[in-house]
């Protein structure tokens, strides 16, 4: 059945191409269902081929070559099918299908309905190319195509200038990350002579000196930071909320942003050789987690909260991956995909119900009007807060466990992780309470209603997954670790300590943090708004800093964008035109002025010419005499 | 002190120089023309003196060619001068500066 | 066969010229019809081309002026094959895109076909003297195309273009003659045949001077950084067809020349000049991109983007690695397709609004969705999105350059970011948002003809992006031959990436004992 | 001995004639000066055994060319004296400068040791006798082509002169006073 694997990419791609040409004619719901069918079929093919992985027979990576792409650098279109890619494929196609179904409802009435699904399918195909790639070149191809689709989908409503700007910003920031990624590929090619995973990872030990390994690791981190919105390069994700909500759910929560974590896990063999790079990844992750969590607290736009929450949770995954806990990272990736997608879709149905209102301060008391959404988002909020037995608890706890085992530096990161867990619980509860509890603060003329079943069904399924998802890899039965182990053979995976006592204490502490966060959130925000402002003033300037996201955009603007423009202006209009063009035109001017000076000699008088003539003859004679050695 | 061809050469050179001086100094077109004739004759003298020195008759033969050229030049030159002077009264060459750059 | 490739366009030009100008509606269709023949010949040539061999194929040799050893000798190999096919593709397309030309259509078609003959001749000539004849001949039709059918400052641009290139090629002529004489002094009879000249022995400085002379002529043509200012003017003023051909093929004369003659004839000098040429290339990449960001005029923006893209090609050429060279040769063709398409699109905008200023546009995507879609597609091909053709060349060049020129490769890779910035920012200002100006609201979308003109380029962009192997196979042998020759003649060691890996293994095993 | 005296006499007359050509204010006087020079040159030719050349010189030059000159002088009526001042700026200084350089050069060559008049071929024992036969033989032998060329030149000159004169008649009659 392995030969069918290329279908996993081909199906959504075919869907995209088909809808591109015939989408408009097929009309509204049909094109949506075709797209969903395409990605659903891909899910089925993936599932069928995943069976050997579940039963443990897939103990070494299968390869399915499609065709040669760039032989000179060992780049070909080939699929690598091992445990890691199985998991990622199932997550991408599974969550993707649910989001496609949701989008059919959400995008109802949009004039470019079919075009939206073309892009969604194209995105699915690109993400699957990234995940199934058998070499770095194809990975980079998926990497950039995913960036393209996020550009197309963020600026889907391109008539809104802010959406277009957000799309461009996302693509450019991603490109900065890709720059780092490309330099990493250069280093890899120089040292290994090929870009295929096999050639690189098997011989990584012998070929790479620690110095190059650290360099490659750090550069991969730059690329991953660009794509997974980590600290320096995260600014594009909050703006990406301009896109339709299913886009935010699919791309900016479940799949694309996890590409960074996937790359770090895939290149585990290289990070194995470079602990320094690993610590860098962990530090970036921890810093991002805390930084984004603080900002999320101050946000009033329902989607912005979730955006910063995603950045924060990705920080967690990087923290785990950096310390060698790849299984923990991938586990959290999976569970996060479930509940974060659910949260985004939930917020989507809230926005849908509230006639595109996104400001939480104008919501409140919606649980009566949108019971299913309220319930499912409640489950997700508890899951992300890390309340047992939900998925979030198991995966976050394992990450904190991995951090705790990671030596003193690990424990510092554990503390940071714990604080972030508490903050996460707080802002998620704050969001839930502001939206669903308390007094209705709607604008007039808004009457929220529950979303149609086509939207609520995916919510329910994702809620179930959020609950069940965690059981896949509890410390009692390390299902996922056993499943993923073949993909990471030769790498000693860091995982939480075995003895139950340490596990129990850690679990208790993290649950305590979660509950504290929920309590504070509930107590503060279940009151009339006046009470909120008093609580918020308690933090003084900090709160406004959080609200404005530490004005990072303005800082970037002032330090990079504005000087860049000034440099470009100077280069174009002060250097290129006047100086270089000046030189060229100057040559023309020079010839003209010399010519006009010489014109004076042409007086038209015969006798002047006579004199010149004689002078010339005399000069020639003298030269001959002198040269001829006469005098 | 026998007369060597060198003497004739120097005489011709002086004549040539005088002719040249005449062209540069005088403004009257006719005088300049005569000076040209003078210079040509100086050249003829050199030809003859050289022919005599080298024992070659060709010296004298080439005199004929110089003569022909001189004659043709005079014919055309004077025709031009006559034509030009129909329009302008003075014979000075300096007025004729129509071709100035 | 090769001579027919040159003669057919020339004869076609003659035929079109014979058609009386009363029947002006006949000229363009006739010209287009005739220009399809060389395309067919080039197609046959492409598929009959023997992929493995690096030698010149289909060679023809007719002595032209025996005493000086000048001959009408043609030949095609991996390096020039791509360019021939590109030329024969772009000529019919640019003719088809020139229906808006109303005055003096006959002369326009005649000049375009003569241009085609000259271009093909330049790429096929293996006799340096013949190469120079075609190299100069190509300037004349382009001068008229820019000078007559251009926009406002066309005379200035045409004269500047002509003089600038002629200035450069004067040096080249001197070098060619010098080569002929050196050949005469070393082997008795003068000859300009490329193969003969390759076997010449040069004294150190002599080779460097000759290299410099050729390099100046080709650097102006490429254009490399300091000598590039003629390009924006020429592009802005040229008509659509002129821009497409200028950017698509004529710029490649420079890069082709650098690869064929500079690397081919002067291996030692090429190795010595690597730092200089690489620096100029990298400056070109970054500088071209930065300046492109703030260009108010769409065509100037694309012109400066060409400076940036061609910087990649020169960098790949002078990286002297197999991947780098292949990348350079492929990027020649890819850049021709993407930038050709961009110029066609800008030309179509110009036909509708008679302006190229970005500020004049806004929100066109709402009014012209298909146009916006194709423009975005071409933009991403030009930025170098994997899956499309721009990426293959740039990626090969960057990956190939790294082993020899680490720092240059990294700086060049930053060019990838700027490319995204200036093109997407331009796209945003022109296409997104609400169309605020009245004139923008009534613009018509792409007509059937325009789609037909763009379709082949779009298809090629995807095909070459996903399956560049058809081209890579044909160029691999020739580029390897160039590298082997340089390795043989000079002490330069072409780095085999991966061999380092074996080296490490070997080194470690020795240390191990 | 006799030749030296003759040389000095003839040199004196020709130089005198040359100087009167450029010095005389009246064109007729300069014409007479030129005539004197021509005659003294003719005699020099005789001394140098170039008899035919001397004869031709007298007939063609003195006879035809000078008469033409005088004819033109009288025709245009420029035979009155004219002022001698110099109109062109710097002209006089430039000419003096050049004259000085030329004399300097001449003196330098004359006194300098290096420059001697060394005829290419050895001095002939016997100077050629310029009789008609001796001159005619090479003129119509070796130099035939040149001879024909001169014939052509003369016809062109004649045609040119007529053309110049002819067109003038068409033009409106300017008053030439």
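By written order: A, B, C and D. Residues from 1 in each chain.
As a convention for this text, a contact is a pair of C-beta atoms (placed from the backbone, for glycine too) under 8 Å apart; a residue touches a chain by one contact, two chains touch by 3 or more.
Here the structure is a predicted model, which means the values were calculated and not measured.
Identification of common neighbours of chain A and chain D yields B. Two chain pairs are in question, B-D and A-C; the one with more C-beta pairs in contact is B-D. Centroids of chain B and chain D (each the mean of its C-alpha atoms) stand 4 Å apart. Each chain gets one centre point, the mean of its Cα atoms, and the points for chain B and chain C are 64 Å apart.
Centre-to-centre spacing of chain A and chain C amounts to 36 Å, using the average Cα coordinate of each chain. Work out the mean CA point of chain C and of chain D, and you get 68 Å between them.
Shown for chain C are the residues in touch with two or more other chains, of which there are none.
For chain A, the set of residues that touch two or more other chains comprises 605, 607, 611, 614.
For chain D, residues touching at least two other chains, in rising order: 88, 91, 94-95, 98, 102. Chain pairs that touch one another are A-B, A-C, A-D, B-D.
Note for the complex: chain A touches chain C at residues 67-73, 77, 137, 140-145, 148, 151, 155, 158-161, 163-165, 168, 171-172, 175-176, 178-179, 182-183, 185-187, 189-195, 199, 203, 206-207, 564-565, 567-569, 571-573, 576, 580-581, 584. Residues of chain C touching chain A in their complex: 160, 164, 226, 228-230, 287, 290-291, 293-295, 322-323, 326-327, 363, 365-366, 380, 385-387, 391-392, 395-396, 398-400, 402-403, 409-410, 413-414, 416-417, 420-421, 424-425, 427-428, 431-434, 466-469, 472, 476, 495-501, 504-505, 508.
Residues 88, 91, 94-95, 98, 101-102, 105, 108-109, 112, 114-115 of chain D touch chain A in their complex. Contacts from chain B toward chain A in the complex involve residues 20, 23-24, 27, 32, 93-94, 96-101. The residues of chain A lying in touch with chain B in their complex are 599-607, 610-611, 614.
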